[in-house]
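Right after this note come the structures.
Two complexes, one shared chain (chain A), two partners (chain B, chain C).
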Partner chain A sequence: MSKERIKISEDLYDIMPSDYQDLVKSATYGKEDRGWKDIGNSKELIEQHSLCAGCPESMAFRYILASLPNPEDTVMVGSTGCTSLVFPMVAVHNIHSLFGNQNAIASGLKRALSVRFPGRTKDVVVLAGDGATVDIGLDMTLQAWFRQEKFTTICFDNELYANTGGQESGLMQKGFVAKMAPVGKLFDKVRLPEIARESGCHYVVQCTVSKPSLIEKVVRNAVMIAREIGPTYLQLYTPCILEIGKNSMEGLQEMRDSEKPTERFAYKEYISEPAKQLLAEVTAKDKEKKAAAKQLASQEA
Partner chain B sequence: MTQYRVLPGPEHFLPPSAASMGICLPNPGEAHINGVIVPEEKAYEEAAKQFLMAKVPTIFPGPLVLWAWNEKAAKKATAVRHLYNTLKECAQPGQTPMLIPMPDYRPKYPKINPEVEINPNHPNLTIWHNKIDCCMFIGVHCHQANLSLKIIRGGTSCYTIAMCAQAGHEDAMLSFRDASVEKIMKLAEWVRKLKGTVQPRLTSAKSGASN
Partner chain C sequence: MADTHSVIGTKNKKGQTFTDTWKLMNEAPRTPSFYTGSEVIKEALRRASCDVMIAYPITPQSEAAALIGELFAEGYIGDYFRGESEFAVMSQCAGAAFGGARVFTTTAGPGTMRAMENFPMWSGARLPIQMIVTCRGINSPLSIQPDTLEIAYLLNTGMLVWHAETAQDFFDWILKGYMVSEEPDVHLPLALCCDGFFVTHTKDVVNLTPADMCLPPYDPYRSPVPCMDMECPPVRMMRDPFIMKSNYISYATHASWQQEVWAAVERSRKHTIKWLNGLIETENTDAEVIIVASGTAVSQGREAIRLLDDEGIRCGLVKVKALRPWPGEEIREATKNAKHIIVPEFNVIGWLAKEIKATIPNSERVHAGPRVCGGMTMPPEIIVSEIKTLLGMRTMSLAGRGS
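Showing the complex of A and B:
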């Protein structure tokens, strides 16, 4: 796998824009232990972004792309919203779906990939906003989970429709007033993590993107479990600093404040029994590998 | 038979697809010039002439040749380079052949750099910026080539050639089909053969579709 499949034709190498040359030279495709620590040491799979300066969605993108275990064999499915502006700059196969349809597209895609490439691991990861996941696409989101489709759904929860100027979303908190929702929300934030658990997701996490190591862990777990067992769901708080009136530098603090144990983005996790077993096996294998490497190193010394 | 001809533009905003105007694709061994089916040999001659006449003759290689995804692709890339080198060797003072890649089909935000690449969703930017008056597409997937060729015809006066690996393109002013290494090399040979027999179009400041 890996870089064998992304070679630029030698005779046209010099005319390729430098971002593509860099991807081939130093991106972490095929690296087994890839993760957030590669950021800064290797070419990232995101070139630049056109989000607002300081938007936490950009941090989330960087951590997720650094953590996908199998980026060269992953297809991401996006939906309309702020996230969709980033995908043209992402060096992982991706499909833009009609707003809300992302989990239906991903279902068909995942099934088609397993027929077309029976011997190869192909991961599918949906990445969409809360409006796409919880409101307009809720039918598709839930049906994919009911059917036990084997892919990961990631929701960038910024608690409103950011890309269209701030309308109310199902994941908005009660009482919140947005630019285009002046009355204030009358209902509670939809408890999608709990709904995901009840709908058949084998791994559900709600957290903020303040800690890259945590994002690495949950993304890897979610993708591995989806690959082997069934649907997984990550709900990541990526506050829309523009809509909540924060400066570019304040996104991180907003996430830290909101993830305190008593706050609405306190870490929440649900793992099904089969998924627990799989994670235990993966951990045991990792330990074995590390021990073997240590032994080899001591023999060589 | 249709009276419609696929000619350099600017035709108008949103020109019709040439197919919808009755232009047909060539059969194997044939090509089309301006929508009229001709023997392939005639198309080599005309394409070579257009290249030699142009102020900025340009080749736009797409992903199917930019990436060495199989041996054939890498060989085609070598042939593309050879054709470009031939254009340079045969260029007269004032002519500037270019080789500009189309590495991606996705519309790039906030914008592409027209000096180093062309994007099928707004190919006119690269054509205008570099004042390209004749270009050849090669290794671009058909649906993207069709889109792009139509935009070029709509908004620029650039002459378009398609070296298509499938059945050809109605929306190009000249289209080959079943492109192969041999066909690219043969076009280079024709350029060399006609060198000195064609008057370059160096006088018109507007030749590069700056309209």
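Showing the complex of A and C:
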């Protein structure tokens, strides 16, 4: 899809919602170097949402949507949970169908788009919570990776079922007392990043969403590698401030505290050999481009 | 955005000519061929211009699902793979249909049950997926034998549900099914059911359309809901997601959409009548005794009618082809003269008899049986015996019935 497609007929312009007018005027579809710095200068691909004030998930949404390398040809797949409160307000096509089947939906979708648009890039990005990714949907999460399906899986890890009111999840820390874990969770946080690596993911990152520049980098890498090579996985800590007893303004600090080198969300990354090669090629091309631009600029001067 | 030019008469990459479906089904020459039901499914798919087929092994549909894999290897299907379970497969089918593909899959018995959460979602999302259901037992202890109980569960999903009697029905209805499912005012999934083994694993003469002619491709832009391919504007769908709202507007939205899905089932009626030449087929509806059946029970009913005819007892027949949309009016009309309505079924609960009882006046005329289940066959003699008993005639005692 090009930006032309979202243009509004002049006769209807004044009756369109203002957020759609803004989307036509100043969204970043088709902008090659789009990224988190566009936030504030252009129309974001996310409208108002109904998440709690200060929810780190809302930050994560904004950074991810600003960083998708190809939003005009990206389809996102969600699942049930807090993310499903946001997706209806997102300006890329997105699918919610059932709870936990997101990687199965994405498998069928990616294949359909490949059949229908041969030779064109159509990215598929899954974005779901930890209950959907690791508990109810684990089978389909892993099987999509085993099959080397070419899409990105992003897990918003808030270490519990937030939307249903704070129940135990597989990604919850051991010992945490929650609903359905009345004496504390009895087993360890599931090590999905390691499992992702062993299951065939070519790019795996675990981090928090405290730094927008980092999210931009890992989202771009994950999407590019999934497009060219195979499955990629991002596990992002988006704490549920409500359920861990924090205030609205404390989400960022919670993430900073949890990403220290000795903490459970210390930055972790795995890149397969073919993915390393691809990233090196992309970096080299970027450098070439920058050098050429610099040369052009100096000639003009 | 819909294509304004027609592809009719042009060729696909396999050299098949895209053919107007009405001409293909009604005017193109037919070649009698001796095939199993599974092979017939493959031959129908060869002509179906299918984009994505997703497979999973479960008896008795495994052979058909694997044969379609061969079609993929030959280049007739856009993509094909084995999913990890029926729940996943039906979600993968949904993903492919959301992405604008013509999608096909097959399942049976426990697989249908495992995948059940997907079916109302398919209808609600208006995905015109075609699913073959080769019915088998779903009871415990484990059974792989023919039994149509699973159809009862499909009837209220918002899917179109058809019940094929023979392999010929199967061949024709697979191709015609897409025509009904993909109509813009319908756009619903179709569960095309047959009785496992009886239809899938027996050989029959089936008249096939030419292999070098195929259906026109699916046009996803004729859908009543946007295709999720980012080829049309990604409008914000709603200001507040309805899922979490406990207010009247939210309830009204959900309610009206459910009503719309069932209205679409109703709107499929006219297309189904056109393509299947009526929702039911009838013989001798002026008789006092009428057998109403669907699937293989129709064939057994025909045999029973022949046996009764030898004894001078006249008996009519109603073959129910479509279960959704439900041919209530047709069945009322066809059974208006009947004193006894016999409903033979291959399941323990007698869902067809319940549907009929809820439809016709004087429902005490409905005799919900004979019923067999768990893989039992239904010899025409037991239908004959049941009818004679109803008529107050002496009948031979049948082994195992204790009569």
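The rule is simple: the second predicted complex is superposed on the first by the 297 of 301 C-alpha atoms of A that agree within 3 Å, B and C clash if a C-alpha of one lies under 4 Å from a C-alpha of the other, contacts with A are read in each partner's own complex, and residues count from 1 in each chain.
Note that a contact is a pair of C-beta atoms (placed from the backbone, for glycine too) under 8 Å apart; a residue touches a chain by one contact, two chains touch by 3 or more.
Just so it is clear, the model here is predicted, and its values are computed rather than measured.
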Exercise. Compare chain B and chain C by how many residues of chain A each one touches, and report the one with more.
Key: C
Quiz item: Touching A:E72 in the superposition: chain B (first), chain C (second), both, neither?
Solution: second
Exercise. State whether A:D139 touches chain B only (first), chain C only (second), both chains, or neither.
Key: second
Quiz item: Touching A:I15 in the superposition: chain B (first), chain C (second), both, neither?
Solution: first
Quiz item: Should A:M89 be classified as contacting the first partner (chain B), the second (chain C), both, or neither?
Solution: both
Quiz item: Just chain B (first), just chain C (second), both, or neither: which does A:I105 touch?
Solution: second
Quiz item: Looking at the overlay, what does A:E32 touch: chain B (first), chain C (second), both, or neither?
Solution: neither
Practice problem: Examine A:K122 and indicate which partner it touches, taking first as chain B and second as chain C; both and neither are also allowed. | Solution: second
Quiz item: Between chain B (first) and chain C (second), which does A:E300 come into contact with in this model arrangement: first, second, both, or neither?
Solution: neither
Self-check item: Residues of chain A at both interfaces, chain B in one complex, chain C in the other
Solution: 5-6, 17, 20, 50, 85, 87-89
Quiz prompt | Complex interface listing, chain A residues touching chain B | solution = 5-12, 15-17, 20, 50, 85, 87-89
Exercise. Can you check the complex and tell me which residues of chain C touch chain A?
Key: 51-52, 54, 78-79, 81, 83-85, 87-89, 91-101, 103, 117-118, 121, 125, 226, 228-241, 243-244
Quiz item: Hey, which residues of chain B end up touching chain A in the complex?
Solution: 61, 65-69, 73-74, 76-78, 80-81, 99-101, 103-104, 106-110, 113, 116-117
Quiz prompt | chain C partner contacts - residues on chain A that touch it in the complex | solution = 1, 5-6, 17, 19-20, 47, 50, 72-75, 77, 84-85, 87-95, 97-98, 101, 104-117, 122, 139-140, 143, 147
